[in-house]
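What follows are several structures.
Next come two complexes built around chain A: one with chain B, the other with chain C.
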Partner chain A sequence: MPSVSDSLTRPADPAAPVASPAAAPDGRQRLGRLLSGAALLALAVAVLSFPAWAPNPYVLSAGVVVLNYAVLSTSWNFVGGFTGYISLGHGALAGLGGYATGLLVVRAGLPSFVALAVAGLLVAAFAVPVGYAALRVRGASFVIVSIALVLILLLVFQSWASVTGGSRGLVVPRPFPDLLRPEHHRVFYYLFAVLLGVALLVWWLIDRSRFGLGLKAIREDEDKAESLGTPTFGYKLVVFVVSAGFTGLAGGLYALWFGDLDPVFQFSILTGAYLVLMALLGGVRHLFGPVVGALVVGVALEYFKVEFGDTQLHLVATGVLLALVVLFMPDGVLPALGGLRDRYLRPAQASIREVTAAELWARRAAESGSTSTVTGPAPTDPAGSGPAASGGVERATADPDAPEHVAAEPGAPTTEPEAR
Partner chain B sequence: MPSGALLLQSVVLGLLLGGLYALLAAGLTLYFGILRVVMIAHSAFLILAAYLAWWSHTRLGVDPLLSLVVSVPLFFCIGVGLQRLLLARLRPATLTMMSVLLTFAIAVLIEGLLGYAFTGTQRRIQLGYGAASIGFFGARIAVVKLIAFGLAAVALLTLYLLLKKTTFGWALRATIQHRDAARLVGIDTDRVAGFGFGIGLATAAVGGTALSLDTTIYPSLHWHWIGPLMAIIVVGGLGSVPGAAAAAMLLGLLQSLLQIPMGTTWAQTVFYLALFATLAFRPQGFFGGRLAQRF
Partner chain C sequence: MASELELVDIQAGYGRAAPVLRGLSVSVEAGTIVCLVGPNGAGKSTVLKVASGLLKPRSGRILVRGVDVTGQGPQQMLASGVAHVLQGHSVFREMTVAENVLLGGYTLRDRSVLAKRVEFVKEVFPVVADRWNSLAGLLSGGQQKQVEFARSLMVNPRVVLLDEPSMGLDPKATATVFDQVVRMRDAGTAVLLVEQNARRALETADVGCVLDLGRVHLSGPASDLLADPRLGELYLGGRPTVPQPPARR
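And now, the complex of A and B:
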């Protein structure tokens, strides 16, 4: 199951009920937290100082593209990470934001950044009926709607040439006409960085809130969440709308930066797939997962564009990478790194679920230092589950006087098989 | 007001197109029924089969229909392998979502490889009988479209007989209905699921060959097929083969008729409108069984 509790991979998160050892915080744990903080600080410094050491304007513009991907992927992660619903249509929402911004500037004559804000709101409003249709039923229908969204928007924006410019595209006037190109890249780099910061902040806030807890409950087991009183449909809809709003803003900012919109690229199903790939690669349950994924995939995409130009090899590479991530690393690299850190910097603390009855019994025997080691299971064991009787894999959660690692984990997964 | 002959022509063409949709949607429905897998790569395999037919015609000089001899068994084996080697590795809890991504990755991979091998150039099979047509009460029906429909109809009928009359079909339907119960009565559900997947992919081989007869193909064409097919299986009720077939005929007919006033591009929107209307008002589909209720 994917649902090893979040508290394992994100120990600094106060919202998740962490099974903390009763012992005083140990030095290695503090070191681990310090390392996380240092990594975070280094990341922030690296991101913010990038324009200063970017060797040429092309690299800077590539940086803007990667940041754009990071914002989009983080926006995607509001739905994908919290609720587990995978949308392949977020590329279309970004395209819609771009076109809305462009059309508001060109046709309605709004100032650029007013148009951007209005476009974000419009995309969020557009997401309400879409989400209503897509989220009423579980799973597969949502994906189908998200794909259909891309295809139908591409159709409309290509065919409705009198308004959208059709296949000839739409030219969006620059918001700062007197800036030189490198300066323009620099300004937009920081604008994207600010948007990324806001998106991350909102994600973090939701993650810590009761709302976020409800969303994660939906991800783990929607039936149980519903029976416990979570308004599942409302929660899913709200988070989808928030996600769409941020996606629309990112798309609109891209339109203002790039200045030229082509429906084929704005409403490409591939964009949506890139966003999913980035988030999955980085780790959907992690605040910075999509950012890390965007860095890796975004740089790789630029590299492929430079090296192989117009060939279809980038499709092959995307397909292979996506398949590998889905098959072998569906939790992403950040949890893997976190696991590595925990292995060296933390005491062996984990959910009781990972301790077998046999191990528990051996540990207790060692603690008491008694001679009961020769007599099989301790007589005080109320479950009566000897390692031999249960094949040694009996889970010890039923044991009332298990050590301090036993923590009630609301919303934690059960081991019963999912209904298929 | 369009003339009667034009209307009749549209109806006939719509039904012929609907037959092809029905066959392909039946394949998608099989995957969904067996494993709750939304198989995005179905239409990519469709285009792959069309390319095989085109390749065998232009390079080997044989009739595109003969490529079926190779492509159907080949696709069956690919389907079995796909299910047993790749999809079976995914965790059951996230199977629906992750299988979408996995099959999406396969679709992109096929598109990329086709583009790499044959370039993005549009291809078309030039057949001796390609231009022939039959007059039918003032409507002109191209012979190749009739062949394509015949192919789809035969394949669909075979599928129906296979599911209804054979022991294997019985086991397959039992697996679809209740996997655990099927296992209890001694059905090797993993094996059956693999074969079911292979049969689903074989429909793509037949459909692709039929498609190649009268359509210009290019690597990214599959995106134009997956949308309508997805809409069909949702409207028909996810998991219901007769529902998918009925929805396919209906929507194919509607698309063909709407082309008269709206033009070909806008007529495609009928699929998406039907999809959204179905999900908003009747999420279990209009012809659907109980499966769609939960998924």
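And now, the complex of A and C:
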């Protein structure tokens, strides 16, 4: 829910209970919200305390990998979730962030975390021309352009061996050479957690903003959004650049942690596909969708690799997982869970049967009693008392803005011929 | 005083095809409903597309309050106060009613103006207030239509172009929608209405225009038009009484 609408609902609150008695504050509804909050808290506690109860360094390192996926998938969701543009190229942006960080440390001698920050900015800058070209096409064409990005970068980084190390790879020196391996994992686990927190915060802020509203309109119907005055192209480009920046940072942090980069793995379409799978599995329209998806898919990927790593069976298992999600939870895990919660804990939705405007006015009048400015009979009376007082004042101040409309109000409800 | 919206001698068509509008002129005054009726293919929807800037006319002029705005695009027309409610359902189905309405006011930068407009449309369209947080796609057809009206009224337009607002609605929902059109008119908005349901539309409208073959064949006070036998002749399957202009290539 964008903040604009939140702030706008407030003055109208007196009308809200009037309008929908079915949605009146209800114990079960509060319980539902409580459950969601508790689930969120449990997730946060589990994530943050994981290093404390991880049984061995390998499991901890798997946790780092999963968190890395969570950051990448959340970053992807800036584009995929808001605008509906499915990019398979985000793996390449992460790879670019990794190589930029590594090269800045190795070739330019920058301190590790300065290099990381610069790399994030570089990837964001790189995303400007890429987005400028790619975001002109929609749907399948955009997907193909994003795949092309991966292949081009793979070729460049493989062939340009004098700078990138080519197929021999690039060794990135560790930022904390004194730390033992488990400690190293632990530090990076928390670094990834911080980055994830920042990415989630920015996503949440955009979700609530006017900018986010415009982006979601693009997702629904780009032409219509444009006709309503949304600067669609500029918005897409901005959010793509933000997404690329976070992706680059995640890739760079991975490079500092893992310490060894190989073009084949850094510029892999498979990475992009995993990110899409995670976001879709969790639910792209939900803040925590990609995180949940990353937990499920990331853990599954690691497990499958341990169990069936010698064969190609782990890829088959991943495919089966994707198929199951698409079949049974096409909107993702979180919307499915939310649906379950609503089914048991929320009053049934009101019927969509037509309620005439006259009926709603009558209901509003009946419930707001003396403060009947809304119904029109006495629009000039600011009607101070009662629960709708603030609404009445709001109306009174609104009057000068649209005098012609308000002047027409008094007679209007009576022009509702019920007989029709 | 100049009309809110005036189309003068418009020629318009799609691509290289023969023109759909052949010298059409119509004007809409503030606080009146002008209704265009006519058989399928008469060019009714095309008139609205030209008026909202979606389709550039080949010749002729478009005036908004006496100012020539010929050739401007949809966003500029919206800025001049001309809002177009498209045929069929055009709400953002996967977004809430609130988001739909706020998108209608997307060009309003001032928060307080936006808030006032929201209050206004909530008042005129109780269903908008009632279902504020519902997904628009879950509303019935008539309710969705009202959300569309509310969305178009967010920018406080001087002229509203309505393309078949009753399409696909049951009689009761149609009645509600027409009531809302009357309320827009009473609020001082100029309404240019296109309707298949000619009788119903003419009962609601102040001025009626019967279109055929891309021009206005009959026009006058809607009540007179309703009583005019030529309406039935033109609209309900009769032959046009005016010789057809030669088809142009």
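Just so it is clear, the second predicted complex is superposed on the first by the 313 of 420 C-alpha atoms of A that agree within 3 Å, B and C clash if a C-alpha of one lies under 4 Å from a C-alpha of the other, contacts with A are read in each partner's own complex, and residues count from 1 in each chain.
The working rule: contacts are C-beta pairs under 8 Å (C-beta built on N, C-alpha and C of every residue); 3 or more make two chains touch, one makes a residue touch a chain.
If you're wondering where the values come from, they're calculated on a predicted model, not measured in any experiment.
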**OP:** Scan A:Leu327 for contacts with chain B and chain C and give back first, second, both or neither.
**Re:** first
Original post:
Given the touch rule stated above, what does A:Leu213 touch, chain B (first), chain C (second), both, or neither?
Top reply: second
Subject >> Which of chain B and chain C A:Tyr85 touches, first, second, both or neither >> reply: first
Original post:
Given the touch rule stated above, what does A:Thr318 touch, chain B (first), chain C (second), both, or neither?
Top reply: first
Subject >> Touched partner set for A:Ile152, first chain B, second chain C, both or neither >> reply: first
Original post:
In the superposed arrangement, which partner chain does A:Thr230 touch: chain B (first), chain C (second), both, or neither?
Top reply: second
**OP:** For A:Leu201, select first, second, both or neither according to whether it touches chain B, chain C, the two together, or no partner.
**Re:** neither
**OP:** Enumerate the residues of chain A that count as touching chain B in its complex and touching chain C in the other.
**Re:** 1-2, 420
Original post:
For chain B, which residues are in contact with chain A within the complex?
Top reply: 32, 35-36, 38, 40, 86, 89-98, 100-102, 104-116, 120, 179, 219, 223-224, 226-227, 230-231, 234, 238, 265-266, 268-269, 271-272, 275-276, 279-280, 283-284, 292-295
Original post:
Contact residues on chain C for chain A in the complex?
Top reply: 74-75, 78, 90, 92-96, 98-99, 102-104, 106-107, 111, 113-116, 118-120, 122-127, 129-134, 138-140, 142-143, 146, 151, 156, 170-173, 175-176, 179-180, 182-183, 186-188
Subject >> Residue ranges of chain A in contact with chain B within the complex >> reply: 1-3, 84-86, 88, 129, 132-134, 136-141, 143-145, 147-148, 151-152, 155-156, 158-159, 269-270, 273, 276, 280, 311-320, 322-323, 326-327, 330, 413, 417-420
Original post:
Considering the complex alone, what residue numbers of chain A touch chain C?
Top reply: 1-2, 4-5, 7-9, 11-12, 15-16, 19-20, 210, 213-214, 216-217, 219-221, 224-230, 349, 352-358, 360-361, 364, 374, 394-395, 397-398, 401-402, 404-405, 408-409, 411-412, 415-416, 420
